[in-house]
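Just so it is clear, A, B, C and D label the chains in written order, and each chain counts residues from 1 on its own.
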Amino acid sequence: MIALDAGLAALIVALGVWVIRARSAFAAVAGFLAYGLLLTLVWVRLHGVDVALTEAAIGGGLTGALLIGAAARLRETEAAARSERPGRIVHVAAALAAIAVTAALAVGVLTLPVPAPSLAQEVAANLAVTEVGNPITGVLLAFRAMDTLLEAIVLLFALIGVWSLAPDRVWGGRPGPQQYADPNGILAYVARVLPPIGIVVGMYIFWVGADHPGGKFQGATIIAAMWLLTIMAGLTDAPPISRTWLRVGLVAGPLVFIAIGFAGAVTAGAFLAYPVGYAKPLIIAIELALMPSLALVLALMLAGAPQRTAS
Amino acid sequence: MAEFLGAASGFVLLMVALGLIRILRGPGDADRVMAAQLLGTGGIAALLLLGAATAEPAIADVALTLALLAAFAAIAFVKATAAPDQDAAPAADDRA
Amino acid sequence: MSAVLDLFTIVAVACGAFFFLAGTTGLLRFPDTFTRLHALTKADNLGLGLVILGLLPRVDSVFTGCKLVCVWLLVLLSGAVASQLIARSQRRREMNR
Amino acid sequence: MSTPTLYGLCAAVLIGFGVYGLIVNPQPLRKILAFNVVGSGVFLLFGVIARRGAGAGFGGDPVPQALLITGIVVAFSATALAVALLLRLHDEAGSVTLASDAPAKADADGHGAHTILPK
């Protein structure tokens, strides 16, 4: 198996070099897509199936679509950028900096302490209290719930940042260009067939997350991708960002999370603490509330800033 | 048996790597987008073989996610490169 | 019984691996985008189908087996869709040239 | 060499190449890609540390693994924000250069941009 690992590592490094060195931005993006998919395999080799699922959903789906769209729109700016390549001195300095960083990290990797410090024992000892079977979910929503709450809020801020880049005249309008469906086209066909399956799979990945690898991020990503598929196929239009239901949906998840956090401060003595015996129902309530918000925020972030008025 | 499955996984991965070298070099962008499709099929096969070799049942869910999103990059590519024909649409919206 | 099933797995997975070899040979040898697309989507999809067939006797539950079959069906669908879309966009570009 | 050490070294090399690309590539989109390569290298290093902390019946230390999931999602949101900035810059200036003489350049290219954006 070590030979397989060595081959996989070599392939990933080769693709990383391709992403950096490729001539055109589009070639680099295509390499990055392959790179992300291969990272999924690495996560499996490192026994992080939850991480592999996240990488498969985000790296394989959302990031790829985002970067492909950007590379296609920025294609005509590439020729101008080629004349801006920095001089030889900068190249040499950058190479030296890169070698220094790599060497320092490599020394760090080779001298990691043995036995490795680990919180696995603590997680195992306290997981039973939460009644959740998947230790990752336990960490995300009980032991380190603050991180997850802040992450949900960071995502909202990032979306506000994306929206704020809209020109004034289309503020509150719809993101992305108007798409026209070809009723007999293959794209319209797949946008009708795939989303029902995708929603079932997304809900399934979300639901098994309590006890097996999976969870709200991965499920929400899949559902967001399905929504975007119907938008790209022209079967439905992207909503204007001024819609009330949209705004409410975006903040509902984090608000429920915060409300349960304050309720914990009253009933269990600390912000985001759960009263004994209610941990699992509260965790599921948070996940259920958070998932639609996450799906909305991820899809809208990919759709980008508004480009046209709502009418 | 685990050795055989691991070796088969490595073999499929090698085939994928060779194919990647070919299509990433182009010449067209369409060839390059095929990289995602290649990984969608070959990568899933290697992943499932790896999962079977290490007896990890949850791998099926990872493969399911990859399979579901396999066409996503190709669709985004087609939509992004076809976009210039439809640039007239926002202007029409504004006049209305 | 388990020896027979192991043999089945080995034969099916080996056949699948062969089709991946065939697909890659096509990618390396074929002259243009359309033929390469053909090699990629046909041979590799069959290869994946055989690999999944070979892994079916080894799954821990019927449910996991169903998921594996679903994976193959989804890859077939996405392969068909992606190859059509890529080929059409390539053809449009060649006609505009 | 053990599997985690191997991937740890792989991560170190990736971070190095990412840093190099971040400095050398003039195009902002390529810088975003290089940034993502650095990011994935850091995640990989984190994953190696998680794997080394395996114990109590888990294949890896669940705490760093959970933080990784958070990190991957946040990295996506950062990338989306950077891409949105870049596309707006492109719409406004008609070019996406980061060079210090950018204003002059943007004016020279501006005519092309204004024919695309009538308002």
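Convention: a residue touches a chain if its C-beta (ideal position, glycine included) is under 8 Å from a C-beta of that chain, and two chains touch if they have at least 3 such contacts.
All values derive from a computational prediction rather than experimental measurement.
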| item | value |
| --- | --- |
| If a chain touches subunit B and subunit C alike, it appears here | A |
| Of all other chains, the one whose Cα centre sits farthest from subunit A | C |
| Contact-richer chain pair [A-C vs A-B] | A-B |
| Distance from subunit C to subunit A - Cα centre to Cα centre, in angstrom | 27 |
| Centre-to-centre distance between subunit B and subunit A (centres being mean Cα positions), rounded to whole Å | 17 |
| CA centroid of subunit B to CA centroid of subunit D, Å | 20 |
| Centre distance in Å when subunit C and subunit D are each reduced to the mean of their C-alpha atoms | 31 |
| Set of subunit B residues in contact with two or more other chains | 33, 36, 38, 40, 61, 64, 68, 70-71, 75, 77-78, 81, 87, 94 |
| Touching two or more other chains - residues of subunit C | 70, 74, 77-78, 81, 85 |
| For subunit D, residues contacting two or more additional chains | 119 |
| Of subunit D, residues touching subunit A in the complex | 1, 3-21, 23-27, 29-30, 32-34, 36-37, 40-41, 43-45, 47-63, 65-70, 72-74, 76-81, 83-88, 90-91, 95-97, 99, 105, 109, 119 |
| Subunit C - residues contacting subunit A, complex | 70, 74, 77-78, 80-81, 84-85 |
| Of all residues in subunit B, those that touch subunit A in their complex | 6, 9-10, 13-14, 17, 20, 24, 26, 29, 32-33, 35-36, 38-40, 43, 46-47, 50-51, 53-54, 56, 58-59, 61-62, 64-66, 68-73, 75-81, 83, 86-87, 89-90, 93-94, 96 |
| Of all residues in subunit B, those that touch subunit C in their complex | 1, 4-5, 8, 11-12, 15-16, 18-19, 22-23, 28, 30-31, 33-34, 36-38, 40-42, 44-45, 48-49, 52, 57, 60-61, 63-64, 67-68, 70-71, 74-75, 77-78, 81-82 |
| Subunit A residues touching subunit C - in the complex, by the definition given at the top | 186-187, 189-190, 193-194, 197 |
